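Across the two complexes that follow, chain A remains constant while its partner is chain B and subsequently chain C.
Moving on to the complex of A and B:
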């Protein structure tokens, strides 16, 4: 009786959460495929013989929240330690979504590549619980988008 | 060599363990660990019980009361009469190691408890429910039975040890835990312990009144009443099914040849 409600919420959270995760991964795979030829690298300099006609900061950010099921399982895991396996797909989705948004930002402005890509996260505190809980995590991807003037100027 | 842009392999950063498998493993594993720890703690309580005699316990808990117990006034007539009734009933337990003290808890929920050092607590709810002295005498006799079998220390020890364990587990302040009434609800007696206490209670009632009439009347009422489901469930949380219990007592009285009819002593309130 006492366990009924939380268990029901847990099940609903699991089914909805799993469904949304699956759909998100499908979207990510599709968009990653479209962005396949677009260079996104972590170098902070371009090769010497490349020249850029213009460049700008581009960024992509996403805020994700945990579902109740993941939160409960992670809570149990927290008792004994180890990999919080239910969080891994969540953060994987966030990372890839942020990078995709950054790419989409760069492409929409006509850039050819993004250099010096960095990823950052920050935790959003839960206002209802005195900032103790986690409402969600922000994943931010940013980098320097570059439009090439002549990519292989010296080589030619 | 020509560079071909390829998709990275899937699943590097994501474990392929199914979330339900992860959940199942954690739940089963942790439950097993907690059960083992709880069993070990309960065993330790038994060991302590073996070395501490009832006399030592009575000395140790002399004058003790649960910290947060809310009692009625010392001059309350019902308190005085219940104390007098206990004192009369104890005469039928010749070498009782305790000096029994009665306190009335102001809870509306009908219940009675046996606590260390010979402390008998009855709730206002119980005093409102009982319809005759015989009914009350049986409930008190039943609690005396718990003292005789030392179920009360066993149960309280478990309750306290387990609540410390759970407090440690959830990161609460372990030092802040005393013996509180709240912990008492954690106490649970096995059916066997309850049956033995019932037998002793009946025996005491029979010796006092010369018959066991009305002794289980309270449980018959509880067992048959449908509109008191809430109270019943609450009572069941520390005691077994009322209907079965009355039947078992009836059978036990017949076996012993105790009279099941006789004069009922009314209550003064």
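Moving on to the complex of A and C:
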């Protein structure tokens, strides 16, 4: 009787959480495909063949948390050590989502490319061993967006 | 005001340096958002309330940095960096800093 409720929540968390994660990855892949023609580089100076007419700082951020089931699994894994597979997709999708949002920010302001991209992770709160608390991470992507001086300045 | 996280402004020349400018803000999450986030936390996924809260706060920190740069007579801030630190349970400091300069 006492075990019934948490088990139910665990199962709900597992099914909905896995479904949401899958859908998020599909959306990321689709949007990454669309953004393929937009140059995003992490060099700290502009590539030689770029000439900029204007520039500004752009950024994208997202806060994502892990579902209850995966937090419990991660908590158990923490006892024996080793690779925590449930956390890896969380950080991966947060990071990719942040980069996509940065690109959207740059595009909506009419910029052609982003360089000097930096990624930053910050932990919002602590999740305890038994899966309680928020396992939220914030991912921030920022860079300098530029508008090319001539339309074909970047032609290869 | 031009903001950049690079050491120079693309296509512009820096003519004068004014020094480091900073801007910060400390924010706590409010209870309504916390309850929603708590529910969302069961199934995982994006916590939209927190995303908004943090990006708004970061914008405020940046605006304060820009204000300081303007009062010095600068027209651009280069080499901007962001930092986040959690002060206590439920409160975070968002911090932006850079170098105020004058460009041509």
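The rule is simple: the second predicted complex is superposed on the first by the 136 of 156 C-alpha atoms of A that agree within 3 Å, B and C clash if a C-alpha of one lies under 4 Å from a C-alpha of the other, contacts with A are read in each partner's own complex, and residues count from 1 in each chain.
The working rule: a contact is a pair of C-beta atoms (placed from the backbone, for glycine too) under 8 Å apart; a residue touches a chain by one contact, two chains touch by 3 or more.
What you see is a predicted model; the values in this text were computed from it and never measured.
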Original post:
Do chain B and chain C fit side by side on chain A after the overlay, or clash?
Top reply: fit
Original post:
Now for A:62: first (chain B), second (chain C), both, or neither, which partner does it touch?
Top reply: second
Original post:
After superposition on the shared chain, which partner residues are touched by A:142: those of chain B (first), chain C (second), both, or neither?
Top reply: second
**OP:** Going by the touch definition up top, name the partner, chain B or chain C, that contacts more of chain A.
**Re:** C
Original post:
Taking the superposition as given, does A:111 touch the first partner, chain B, the second, chain C, both, or neither?
Top reply: neither
Original post:
Just chain B (first), just chain C (second), both, or neither: which does A:51 touch?
Top reply: second
Original post:
Just chain B (first), just chain C (second), both, or neither: which does A:24 touch?
Top reply: second
Original post:
Once the two structures are placed together by chain A, how many degrees is the angle at chain A between chain B and chain C, based on Cα centres and rounded to a multiple of 10?
Top reply: 110
Original post:
First (chain B), second (chain C), both or neither: which does A:36 touch?
Top reply: first
Original post:
In whole Å, what is the nearest CA distance you get between chain B and chain C after the fit?
Top reply: 14
Original post:
chain A residues touched by both chain B and chain C?
Top reply: 70
**OP:** Sort out for me which residues of chain B touch chain A in the complex.
**Re:** 5-7, 13-15, 17, 19-20, 22-23, 26-27, 29-30, 169
Subject >> Residue ranges of chain C touching chain A (in the complex, touch as defined) >> reply: 2-7, 9-11, 37-38, 40-48, 50-51, 54-55, 58, 62, 80, 82, 84, 86, 89-90, 92
Subject >> Contacting residues of chain A [partner chain C, same complex] >> reply: 9, 12-13, 16-17, 20-21, 24, 44-46, 50-57, 59, 61-68, 70, 90, 97, 115-116, 118, 120, 122-125, 134-136, 138, 140, 142-144, 146, 149
Subject >> Interface residues, chain A side, partner chain B - complex >> reply: 14, 18, 29, 32-33, 36-37, 69-70, 73, 76-77, 79-80, 83, 85-86, 88-89, 91-92, 95
